[in-house]
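In the two complexes that follow, subunit A is the common piece, with subunit B as its partner first and subunit C second.
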Partner chain A sequence: MSPEPEDEVIICRCEEVSRKEILEAIAEGARTVNEVKMRTRAGMGLCQGKTCRRLVSRILAEQTGQPMGEIAPATFRPPVRPVPIGVLASKDDEGQSDAS
Partner chain B sequence: MRETEFAIVGAGPAGLSAAIEAARAGVQVTLIDENDKPGGQLFKQIHKFFGSKEHYAGVRGIDIGVQLLHEVETCGVEVMLNAVVWGIFADHTLGIIHDHKNLHLKAKKILLATGASENALAFPGWTLPGVMGAGAIQTLVNIHRVLPGRRVLMVGSGNVGLIVSYQLLQAGAEVVAVLEAMPKIGGYGVHASKLRRHGVPILTSTTIKEARGKGKVEEAITIGLDEHWREIPGTEKAYQVDVICLALGLTPLSELAWMAGCQFDYIPQLGGHIPVHDANMETTVNGIYVAGDVSGIEEASTAMEEGKLAGIAVAEALGYLSAAEAACKKEVVLRRLDELRSGPFGGVRKQAKEQLHQQRCSQ
Partner chain C sequence: MLPDVVVIGGGIVGCACAYYLSREGVRVCLVEKGTIASGTSRAGQSHIVLWEEPDINLQLEKASRDLYEELSEELPFDIEYRRTGSMAIVENPADWEAFARTVRSLQARGLNCQLLQNDDLIRLEPNLAPDLAGGAFFPEDAQVNPILTTLALAQAARERGADIRLFTEVTGIALSDHRVAAVETTAGRIPTARVVDAAGVWSAAIGKMVGVDIPVIPRRGHIIVTEPVPENLIHCKIILAAGYMQTLGATTGVALSANIQQTRSGNLLLGSSRDFAGFDRSVNPAVIQAQAARNLRFLPALADIHVIRTYAGLRPYSPDLVPIIGEADSVKGFYIATGHEGAGITMGPITGKLISEIITGKAPTVPLEPLSLRRFSQRQEED
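Let's look at the complex of A and B:
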């Protein structure tokens, strides 16, 4: 089997975002994990970036020269775990719903 | 809304130890875990622990897990399993999905003991079936007694890579080589020697370049690295393998701490961005504590001690222990932590932890 070219390598497996797409986002001016995420959807899938967030940070560091420590992770918002939306939308024991 | 005095997220070694310590002092504790069994990674640890007797040296991780579970049950901790914490909100309130119901739990104090996730490496072919993390292999081999494959290439020579390689040998697989990108072996000499005695080569300054195969891993290509981590063309080697195991370190699972507004510091020796905390394990957000891998990647033995510290500190803050009682208990734990953080490996972590504590105290 012929080798997969380096830039075709998938970085975000959940959303199937390749290294090439992330490089393009950076070329268009993305400088943070959030900006890469908003342009490409990397980190927006089922695992919410648990596998790819560090890979994206590393590519950002290597392309922009920023040290890894200065590349903050993307913003975390609830829900931080994949949860059934029906359960979130249902009323809790006090009749409140988090989806409202 | 339900209420509790002390909510602990994560029932691994840190969470369990904190629960026991606080409950013994009289604190009402709710211990929450998303799995159907508490214990975290302890039940994958079939090897014997190091350290002194107080650190469970010579005891296997699984046996420590059983012991901690027994203690948790006998000291009146409420354990919520299959419970996913999906958010943390103002006033120390957790959003939890439990038994297909969404509930809110308000706590006076919260300990985040959420552990860590495995680091990945993206190389051509890394999404082929057969490329997997060391944690998955430990689950397969040590818990379910299923071999992931017959011939394994291990990427990473830290303790996890070395121990999992040895466990694969014990389970009947062949480990063709252990790769290490650094010029020297990452983990303890004692683990590396065990592998070498079995004839497993540990190749330093070498990394994985590519996984090849039709629908699954059939071949791994490795490549040598120079002192600047650049690949050296012409040093590629091919190995016929069906498994490529990635043991490349861990990153703290700190989403809830970010969401709670904790201040972070970047400390590569501890795994990246770490919530700043003091010697009581309290973060920069009042009443929110961290312990175990989320507060800096270390080991199960240090996680248990950090959990105890948090448990004691919470019991003190809630008035169940006097300042003198708490100080006395903390001193014992801190001394054991000091012992665990000695030597060339532990010393680096000790320094890094002190750096975090100073930041917290200077605020």
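Let's look at the complex of A and C:
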């Protein structure tokens, strides 16, 4: 089977994971978004899967014949937006923002 | 065909058992209630360290690291194993003498490691806080990607004939005359004469099914993941505060330490916390804040680096911090492989090898008596 040009499309932009790599993970047995994530890193980057998690679900649905709604979604992890460690570590900053 | 052995649990320990058993030609069926590496094995960091006491653990760690050298060659895909070495760092001058004694004692027992005075430390790692007392370098230590390792062990076991059943939860174990007869699951009954309880934080619940009391409870840990950072931020890819060793023994409150690791993908994994919160895997923001502060104390350059993800997982805590590996005395065919606390990744391979050696009747790589379940009841009798 020769690769289709559309398989070169990047699905996870943060980690530069192509559709081809997602298809390979599914061929190896991945059936959930988390399993695809653990094998390919799709969704592990700066945006934490905001863009790609639905795309990955859709590819899983199309490849396995399961309805979109039945594909187990990826885990959401805090903090939803990137935060500098200096800010995260500082109790005082939080107190000030509460007061202002 | 009926399996010779049913392994319960698709974490690193269960997958290593399935791998080493199937390599010996044993017919293995592995049952996992979720997916491979969906519990503790995906919730840790990346280190393989050879200096966690007591002596029996040192032996397990060394033997397992040696197996990793082989696994990194023989598994079906890259597990991101590399011999990075690790560095322990000491914050306060008051703690230096006790730390130096520990390092010298490890050296006396044959471990390759060297003490680093403050100026040595700063020369090697110029981004560390300049006021640290010193540290030590452990060149034998290594790093691996735990998730990829667990997946690769499962795949290699499958290639050698293991039957791996996901989304299959164990509901009971049938005995016949104090021997294992079958495993009952949500997907049907599996007749077998041997079961390996590699269910980690859930191993006590499995033991209860056959009346075996396994003193393993979940101990929560938090990890902070940063964006990828330049390779020259830290040169040694595993840097941990020496105070980490004291947190292992803490039994109340939240024990915190700094543990800075850079993975192959360039991200930092910042540990570590330890607390007992039952089976609660949720992230506690107060712990994350304190853990971030602890790591920042040792590596001030972290201040501007972004956190992209945090997670918490559960370590299978055994009361003496030594894993439990071996056959139960009271139930023939019930084998236990659990209680590794934070060392499941380090000790996973040797645990799988030992279980395979026990079941196939081969001489064990590491002495088994200190790992037995009966050590706990013997100690009670001695008390």
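Definition applied: the second predicted complex is superposed on the first by the 86 of 100 C-alpha atoms of A that agree within 3 Å, B and C clash if a C-alpha of one lies under 4 Å from a C-alpha of the other, contacts with A are read in each partner's own complex, and residues count from 1 in each chain.
FYI, a residue touches a chain if its C-beta (ideal position, glycine included) is under 8 Å from a C-beta of that chain, and two chains touch if they have at least 3 such contacts.
Since we're looking at a predicted model, the values are computed, not measured.
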item	value
Partner chain in contact with A:L88 - subunit B first, subunit C second, else both or neither	both
Subunit C versus subunit B, contacts on subunit A by residue	B
Partner chain(s) touched by A:E28 [first = subunit B, second = subunit C, both, neither]	second
First (subunit B), second (subunit C), both or neither touched by A:R77	both
Contacts of A:L55 with subunit B and subunit C, given as first, second, both or neither	first
First (subunit B), second (subunit C), both or neither touched by A:R39	second
Shared subunit A contacts, counted only where both subunit B and subunit C touch the same residue	48, 75, 77-79, 83-84, 88, 90, 94
Residue ranges of subunit B touching subunit A (in the complex, touch as defined)	1-2, 34, 84-89, 95, 97, 100-104, 117, 119-127, 210, 212-214, 251, 253, 255-256, 258-259, 266, 268, 272-273
Contact footprint of subunit C on subunit A as seen in their complex	15, 28, 31-32, 34-35, 38-39, 41, 44-46, 48, 75, 77-79, 82-86, 88-91, 94
Of subunit C, residues touching subunit A in the complex	35-38, 42, 147-148, 151, 155, 166, 224, 226-227, 265, 270, 283, 285, 288-289, 292-293, 295-296, 302-311
Parts of subunit A lying in touch with subunit B, wherever the complex brings them together	1, 3-6, 8-11, 13, 19, 48, 50-52, 54-55, 68-70, 72-73, 75-81, 83-84, 87-88, 90, 92-94, 96-98
